[in-house]
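For reference, the structures are reproduced in the following blocks.
First chain A sits with chain B, and in the next complex the same chain sits with chain C.
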Partner chain A sequence: MNQLKKILLIILFLGLFLVLDLLISPRMNPYYLQILIYCGINIILAVSLNLINGFTGQFSIGHAGFMAIGGYTSAAFTFYLGPKILETLFLPLWFSKPLVFVAGLLLGGTLAAFAGLLVGIPSLRLRGDYLAIVTLGFGEIIRVFILNIDAIGGARGFSDVPKYTSLFWVLGFTVLTIVVVRNLVYSTHGRAFLSVREDEVAAEAMGINTTWYKVTAFVIGAFFAGIAGGLLGHYLQYLHTNSFTFIKSFEVVMMVVLGGMGSITGSILAAVILTLLPEVLRPVKDYRMVFYSILLVILMITRPQGIFGVREFNWDWLKKIFSRKKAQAEGA
Partner chain B sequence: MQELIQQLINGITWGSIYALIALGYTMVYGVLKLINFAHSDVYMVGAFAGYYSAHWLGIAENPSVPKAILVMLISMIVCSCLGVIIERLAYKPLRKSSRLTALITAIGVSLLLENGGQLVFGADPKFFPQLIEGQEIWSKSGIVISNLQLIALIASLTLMGILQLFVYKTRTGKAMRAVSYNIQVASLMGISTDKIITITFAIGSALAGAAGVLVGLNNPKIDPIMGLLPGLKAFVAAVLGGIGNIPGAMLGGLIIGVAEVMTVGYLSSTFRDAIAFGILIAILIFRPAGILGKSTTEKV
Partner chain C sequence: MALLELKNVCINFGGLKAVDKFNLTLQKGELVGLIGPNGAGKTTVFNMITGVYPPTEGEIRFAEKRTNSLKPYKISAVGISRTFQNIRLFGELPVIDNVLVAFHQHTHAGLLASVWRSKKFWQEEQSLVKKATGLLAIFGLDTLKNEISKNLPYGQQRRLEIARALATEPKLLLLDEPAAGMNPQETAKLMLLIKDIQKKFDLTILLIEHDMQVVMGICERILVLDYGVTIAEGPPEKIKKDPKVIEAYLGEEIH
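Let's look at the complex of A and B:
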């Protein structure tokens, strides 16, 4: 019964996204649609990085590198192999195109996850700032290598990527990321991730395989970053290594820290805020990025634990207010 | 062979500049355990301070050595003021919060300086005036050394020597070492840690300012985001040599500089930015404390 309910819920949500996509996308201002899609992609990035940085307590600033791997791999797949597969598969296009797209995304995610494994291994020896700088270095090395592969555009950028990403896919993968990370964190394994963050030595003494959990966090985080990269590439139809510099990684780290390390809802909110902020500040033109950075510094000084800290957003406070009012009414 | 030596010379010139920037990272990391990402932009401001003061002094028309030294001093003073202001406004309120928060704030300050720089100085590159006329002082069997390269090397070595003397021979330097060893115990011993941190920022930023002018001399195109990559590589140099270690920063800077120029010369210029990080990853996996650093064991 429970299983059936879950499946129904998934179908319901997918249907809702599809309806939303079909109804809203054509009528919406393309600019707003783009912002919406960026919000979704950034939520995927922030939530997946939160698993590494927030819940497991490792400090990675190489997320853009994983994103680049995922983006380029999936784009290469749909660009080079996609047409051939579409030709050989005797299926209607509306069915086979998404199939190719999802296959590309998963391939990109898997390769990114493999890179996550490679980056996760030094994390066994390094901590804190050193790990941060190594992940940053890995991200840059990945970027430079992509820059030197001519088949995927090199310095010219990878253009003519098929446009497969739509609101439906972005919403679907955003929800998938949130659900996977949430369920993982609230499972037995999730407690193990948290224990690595709180005190590695104590966790090890309690019989937790800290190595395994650290690497797992990197692999899962990198997988979703790769998916996000694939979504971005198939939305813009163009990829350039300049979009995957460490500045992009910083942006994602900012989202995680601003939202609160170890708060999924916090990451979501911060991803939305930090995506919208530069757009909202557009009227002030040249001062835009200056305001953005000043706001960031002020926020960090006034609320260093992030918006939510380690808590999650919920409706309890509303219930509390209501129950208090009820109690007061009854008391009177 | 000649080419190799020539590359080595170019590499050492770049390396000595990386080393100067690395010193600022190493010193701040030593006392605050903070990667001061804004440091690379202080170096950018140093280059621009040099640019404007050189024009203001009318040096661009008639270059002379005393004036060049004056420009360097002005830029060092401007940078050390900037460093102290950054420390007071952005990092001091965060002394008690987590290191990550401080790191994000540092990134924020760095973004602020870059974008503010684009606003104030203009986003287009500017050409640094020739403070000293470039000459070839050695040109034999295909190897060329210019006086500018020599100046960069000598100036950074001199500044480093002064710093080393300051840290190891003066009372303030001793206090600095005490703070970097253990900030709480140092303050119990009556050291004003806030004052020491301010001095650290002032000195580190002054060195970045000097590096900015030296880069302007050797590579006259300056722009508001010029600090981004050299800054990161300088940090890599600091880690490579062993963070908190002054000769280590020098050594790390030289290694990074030479490796980079060699990569450009013999491999491909596009790999230039990857080599520094490649070295870093290798060193951190095999010797996490850096070449000259002392490894510490964690106690439970």
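Let's look at the complex of A and C:
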């Protein structure tokens, strides 16, 4: 595919997302729309964490921390600087508002990426459980830090964040995250990430700068977590540190583990399942979380490697499974 | 000009002097054997040359440059590659990816080019796959290139490790007991293959072997290590008769 075709394809997809947004958003039950948006945000989180935990083999449970940094930074930008920028830009609002939003998201993502760099550095010395504890601690530090900044709401929460997130943006960034991580993974850099996971000593001996790849995985993963935080804040128009506790980090880790460490399609499917599950379980009321946990335990016992293991979903499998079933049925 | 030079290299692990005042000079194009009983310190010598453990004392020079304090990936970049005694493949990855990883330091695609999948990116990928397949063919592994490498039989895993080491395009190849666990026929074949690739890739090779007999046939020169100390050095015929060597191997069978 040449450059022009690629750019046209991107424009085509953006157009498609816009049409979808304009058609679906006003007609859809707001509750369902919200679930759809959560699905997108969780896919971004799971796929980006998979780059760190699944592909590079570092164990991070600090994704909510990166998410919080991105969320609060972008909200502070659009809330405090946004109106001034809109005033001075002299551009039509339909154009300048998205501009401010994207600038806010990128700023949030960048700051989160910078935090990723800082957290990535201990990953050079620590592994396994120890690294997990550091990332967990980092997430909590971020949360407590934000809790004490009054300008962004502190313990009250950050309200009146402009409502910029729509289905269009969520679709766009979800697809962007998936494409970026997928393309990275299937490249010479992706093989370097994987080699770090497989055997660090051998990777170094084969010329891989494992230090650089570990930190880079954290930086890229954190960037997209920051974007996800920004999308959430500008959707709910409200941010509170309670949304970014270690429980949120665990939720994302669950998605990655459930889908399969090192499977992008697995992460996507697991993110959707774990977003829908609590909603589907609403009828059982108080027992909701009990059912949720039991289902997870059953899944992990029956498929400890996750839904897809380290492989990706592909249509040939499905065909094979069906033809096998058919053959069995015919045989019987 | 010496390709590799180790001068009075020592390393301590806690109180244990694993290697003591080790000296070694490799000329370009040599195939030298490093033998000795288990625990003699052979693997530790490799670990020092490749930067896994920096020596406590002494100096290591490769192509005239001091490499003592370089990180392993930098040492790979100057042209030293190795295999591991206890196979360390990238087990979950396909056979071909093991080789592709080792090409990495010679690739040009940046992160952004990889994400954007530019024409150059595809060209490079294609040429890498072609090169990797060619390299695997030398080791009879090209038909298995899409297998998950941990599922290969033992002997093929050992050969894949050598193929992977060659993919870094080394000048010096360090082989750590490449024939371990193989039967005598497989071992003999492997030794011929090693001799072959030495010529084909214009390599200097340092070969660790626990079993003295194995290296007698192909090495021009042999060093014998015992308890971290070099006890003999010379051509195979001389080593075979050396009383110190015989003593070191006492209790083990000498052929």
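Keep this in mind: the second predicted complex is superposed on the first by the 316 of 332 C-alpha atoms of A that agree within 3 Å, B and C clash if a C-alpha of one lies under 4 Å from a C-alpha of the other, contacts with A are read in each partner's own complex, and residues count from 1 in each chain.
FYI, contacts are C-beta pairs under 8 Å (C-beta built on N, C-alpha and C of every residue); 3 or more make two chains touch, one makes a residue touch a chain.
Everything numeric in this text was worked out from a predicted model, so none of it was measured.
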Since both structures carry chain A, what do chain B and chain C do when superposed there: clash or fit? fit
Taking C-alpha centres, what angle do chain B and chain C open up at chain A, rounded to the nearest 10 degrees? 80
Return first, second, both or neither, reflecting whether A:V201 touches chain B, chain C, both chains, or no partner chain. both
Once chain A of both complexes is superposed, is A:T177 in touch with chain B (first), chain C (second), both, or neither? neither
Between chain B and chain C, point out the one touching more chain A residues. B
First, second, both or neither for A:N2, with chain B first and chain C second: second
Could you look at A:S123 and tell me whether it touches chain B, chain C, both or neither (first, second, both, neither)? neither
Looking at the overlay, what does A:F59 touch: chain B (first), chain C (second), both, or neither? first
Rounded to the nearest Å, state the minimum C-alpha distance from chain B to chain C in the superposed three-chain model. 8
Can you pull the chain A residues that chain B and chain C both touch? 201
Using the touch definition from the top, list the residues of chain A that touch chain B in their complex. 59, 122, 125-126, 128-130, 132-134, 136-138, 140-141, 144-145, 147-148, 155, 201, 246, 250, 253-254, 257-258, 261, 286-287, 289-290, 292-294, 296-297, 300-301, 304-305
Under the stated contact criterion, what part of chain A meets chain C in this complex? 1-3, 6, 179-180, 183-184, 187-192, 194-195, 198-199, 201-211, 216, 262, 310
If we count contacts the way the header does, which residues on chain B are in touch with chain A in the complex? 29, 33, 35, 90, 93-94, 97-101, 103-105, 107-109, 111-112, 115-116, 118-119, 232, 235-236, 239, 268, 270-271, 273-274, 276-278, 280-281, 284-285, 288, 298, 300
In their shared complex, chain A is touched by residues of chain C numbered 50-52, 71-73, 76-77, 81-82, 84, 88-93, 97, 100-105, 107, 109, 111, 114-119, 121, 124-125, 128, 164-165, 167-168
